[in-house]
């Protein structure tokens, strides 16, 4: 089976890292298409970064499905454009926050999430609520480091994460911790080993969930909210507006 | 005071209609800047339409603030890009769904919302939850007509709306009705007169709320989640990535 | 336009202070009627104080509407008698807690409230829930000072408020603070300037919201829960019970 | 033990009816003090009726506790003034809505409430939320008859109630029905026998719950929100304001 | 009237203690049947302990009803098997957690619960949510002592409880404390006296609530979810499966 | 990898059917151990059936893990004993209700559940709340047929299910339907094909999710609530109580 793993931001080294994590767990028969955001912010650290990354991501998803991708994993913990992606995709679309949260609800009674910057905390809290985990998630914590310093200040970031996991366990009563940034993906195993806490990386569980849904023969429902967009064009080229489909529209806009 | 009234979709006749509604209620001293989505879908009827309209809308908001706009009203009932707009704007940013819902919570104990297509119902329900109105909003209803037919099939749309308001009152126990599309703005007064029900148009209340917040001297908090985006550029032009601000980034991407 | 600003407690210096705040922000064309509770507790510091202040407040609202008031602002953060006031009034009735909370939900993702005595915390928490802000409000804090000491120990109160706002920002992650007592109204501007946090005073936003709703042509829905009271008199004078309206009833009881 | 059964409205025949229901179930050793609202509306059918009935009710509760009442039952389904009553009383104060809802949560998984007028539905829904029963209560229904017609049109009211209970069972899946008005108290037994549904009368369960809490030696917590009101007088007679307690204050105001 | 007080765990000294508490508050006319879990874990400290104690408990409840018990109190704070017990019993079945929580919601605005081991905290939080008390319960705390050490290390347990009640009052703003283990039952009075906080023991309030519901003539609704189990036998003896009732089934399985 | 698929009821033909569904989707490398409840009710149709099935199920899970099972799927839509099973198991334990609900939240905005008997509706609603899907699940419906008639009246059951799916789509606005009984497992594909609605079978998605979690290297967190039971024996054999582990205890009790 073929999966799209898309990193909506514009930093290809982060895509590579997420892909390495994914490749450690996928089935032999799984073929991963990697994509990095085109013209997107170098990291997603707020609402504007999020929305700026989505139009090109949608075009890339459409392209990947045309190339045979049966499911899509969005490798950014804000799950940017998740509803829109489900609308334009035929296959299942998995956000790493939703996947991480769902796994945590199966493996533990209470968990905490640890993200990068404090400014991302409210956005992730809103996702926790949207995914129905507000009674299971004790706290969304941050390590107060920008996304890109997960690469540039690796040892420091690791040490701060260790301390924050200990606080989650001791102060929050968290029984599991979900890593709140795709850029932390390759640290999950070592953090789990070093702390004894169940540490969940959203990239890994999202990729496995994508394989699972394909294996179950399930696709995104096209009955109502996630039905394909109605064809009507956009305002630059109104003459074509009734005859153009979604893919043309997204290509125009990026 | 100067307000931006932005219609994020690409249909300028809808902008004009919303503007007419707004101009009927604004203060003499208020100066409205009207903007229509550039390169945006002709109507917002789903998640993909929403996200495709946001990047250019953000650039237009930044531009309007540079031209002296003290507050922004987003004239689309899905409140597309509301968080992102608050992040890039200094002044208050008002979504017509949030404004309509807040007014309904002040004027009535229970209300319903009436939108255009059934596919928009779940998105609006999610907004109702997000704005904390899930205990006040009885139902999100739809008239099963596309947005643009509010203009092209005006009499029919009016008659269907009349029937749906009656159902909201009689079946839902709704004491007020919020019109769930900016394109219904100019019908609010007549619908209210014809049904005896309090009919709330989001455009009108949003514009008045914008004037109110400016008058109160309040701006968007820049303390955490809505702080201006961190400068770091985007992936097309990485060499500039540390020195560019948001406005440059959005201009690149549209 | 004419507004009623009613302080339901019996301390006229507090009415004067709230009125000064209001007059700094109202439109030139707005005419404020000020009223102070008659026979009411000198401050509202608990449920009994609240309910003791309501009957005379309702009579005063009816009187003010007879004198041309188009909207009412109840200048007490417990929003005492808000539903009852909406039932007897034709125009919109705004509580300063609801107005403050609604403004905070527009201007920030997360906020805290700071009130006077700890005993008021649960009542305000219940209001936060009622207004649907339980996911946006981080904490209701108190400075452990009685309402009247906001006047008598002004410098001390100011300094304690400064400290509590810092805690709200640092411990709660609050991006805005709503002042939880009408008696704090004149401190909002200076507190905001001194802390850099968006500080919201309910009196100011309520008065502006009242102007906005009048400007929008909206009134309280009379369809069901807020319909005018049914005429049936009260038990002291049963012979008249079928022919007396609400106003007579409230005048009897105070 | 001595209980106060207070009907906050001004119709003494309703007090007598509630008292008859109570006397059928109380212990031999229980002594009921009956009180009817003084100067109160003849029925409680809306928010204004509610708040107009509370000041005299509080004075009567204080009086009854001075006469040895160990607990209070407020015999009106809107639970008017419940928090205020708990603040001024030493003993437990039971509202018949809360008691009915708590009993229903013990005896059934899902229940509905049937009240008199449609205008009371939102107020009772708010109580259902407040008592944490929103996931157990299927629907608040009304029979569209005024409170006083429960006495004047008895046979008709009974027949309409029968039909509404059937709807609650068949349409709502209600396993129990709580009668949403003290004036329905004497119908509970016959309705239960005629429909086979568990019909719960709030007066009966409230009186028994009052006996139970007295028997358990429990009183209202005076630690914070329900602490006795702070002494400070009211605005008619400020000279006494520091030395007067609550009872004097309520007596002044009625 | 005759009540069953069943301790689902296998430690008879805990049954005796709960029974002593109950006997201090029951009516003279009440006759308590005491039962201790047969083949059950010696304490209930987790989900497996819970479910292992239920089958024999159900058989004992059926037996007690056959012997004339009109109501059942399950004396374990996890309320194990509460729904199942209501399904097989005709009379009301009261769990001490639900009873304690309901009493706390009547006597105080905010309360905390104090249990034994940290591992029980999430289970009790889930009960708090199930009983609709999530807005009233500030925190579920633990003293980090196993259930059986409430007997073996009595003085130490008492002193730790004292400290935890002080924290609940000072850190949580709790106005009442519910003791979260039947084994703490005999400490409630002294803890309340020593701390000044309203301390609620679930055993005591459950027994009084059971008397109250019997006195009110109410039974478990048999309309839907709590209808008696359908007869169909179990898999060891399929030949009898259509003719056997519940009691036979539970006796087979223990 | 080796999975346990356990049907907690005592009907082996239902186990066989669930197993056939599972075997159609599992990986080639997956080895399924099938188990049927021992001494368990022939179907799970209520709370008593549930709890009677759990003790033997726990023993069977312990046994299967000893035989190398790396994850467990409980093939009953009430998810009986899910928390207890997670406590005694080292590997992940998946309930088919939770798995079905999680898949529905990924594939659709709104879904409904269709179960067998009306008496199961409240129990499933409680699970929906527990799994955080109360905002996504429109309705829990029933076809009013006992579990075993899914086998004995197959054609009739199919036709009733078809009608109920149509109602879910048309009346509820459901975009997907989750089948609310393991006994419906083999109908999912045909129902989906015949109605065009996304029909989700919990058995299939649970088995795939189990494979996914094993593949991700994740196990049940043993940090707090799901830590293995504390050794202390049970009341039949108190002499051994400090030295016996869980497995011995469950074997004694069945």
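Chains here go by letter, A, B, C, D, E and F, matching the order in which they are written, and residues are numbered from 1 within each.
Simple rule for what comes next: a residue touches a chain if its C-beta (ideal position, glycine included) is under 8 Å from a C-beta of that chain, and two chains touch if they have at least 3 such contacts.
Quick caveat: nothing in here was measured; it's all calculated off a predicted structure.
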Shortest walk length in steps over touching chains, chain A through to chain D: 2
Computed distance of Cα centres, chain E from chain C, in Å: 44
Centre distance in Å when chain B and chain E are each reduced to the mean of their C-alpha atoms: 52
Inter-chain centre distance, chain A versus chain F - centres from mean C-alpha coordinates, in Å: 28
Sites on chain C at which at least two other chains make contact: 83, 109-110, 118, 121-123, 129, 134-135, 173, 224-225
Graph class of chain-chain contacts, one of line, ring, star, complete, other: other
Chain pairs that touch, as defined at the top of this document: A-B, A-C, A-E, A-F, B-C, B-D, B-F, C-D, C-E, D-E, D-F, E-F
Footprint of chain A on chain F - complex, ascending: 25-27, 83, 92-94, 98, 102-103, 105-110, 131-136, 169, 173-176, 189, 196-198, 200, 204-205, 208-209, 211-213, 215-221, 223-226
In the complex with chain D, residue positions of chain C that touch it: 9-12, 36-43, 45-52, 54-56, 58, 81, 83-84, 86-88, 118-119, 121-123, 126, 129-130, 146, 148, 224-225, 227, 229-230, 232-236, 238, 241, 246, 249-250, 252-254
Residues of chain A that touch chain C when the two form their complex: 118, 121-123, 125, 129, 134
Chain A partner contacts - residues on chain C that touch it in the complex: 109-110, 135, 173
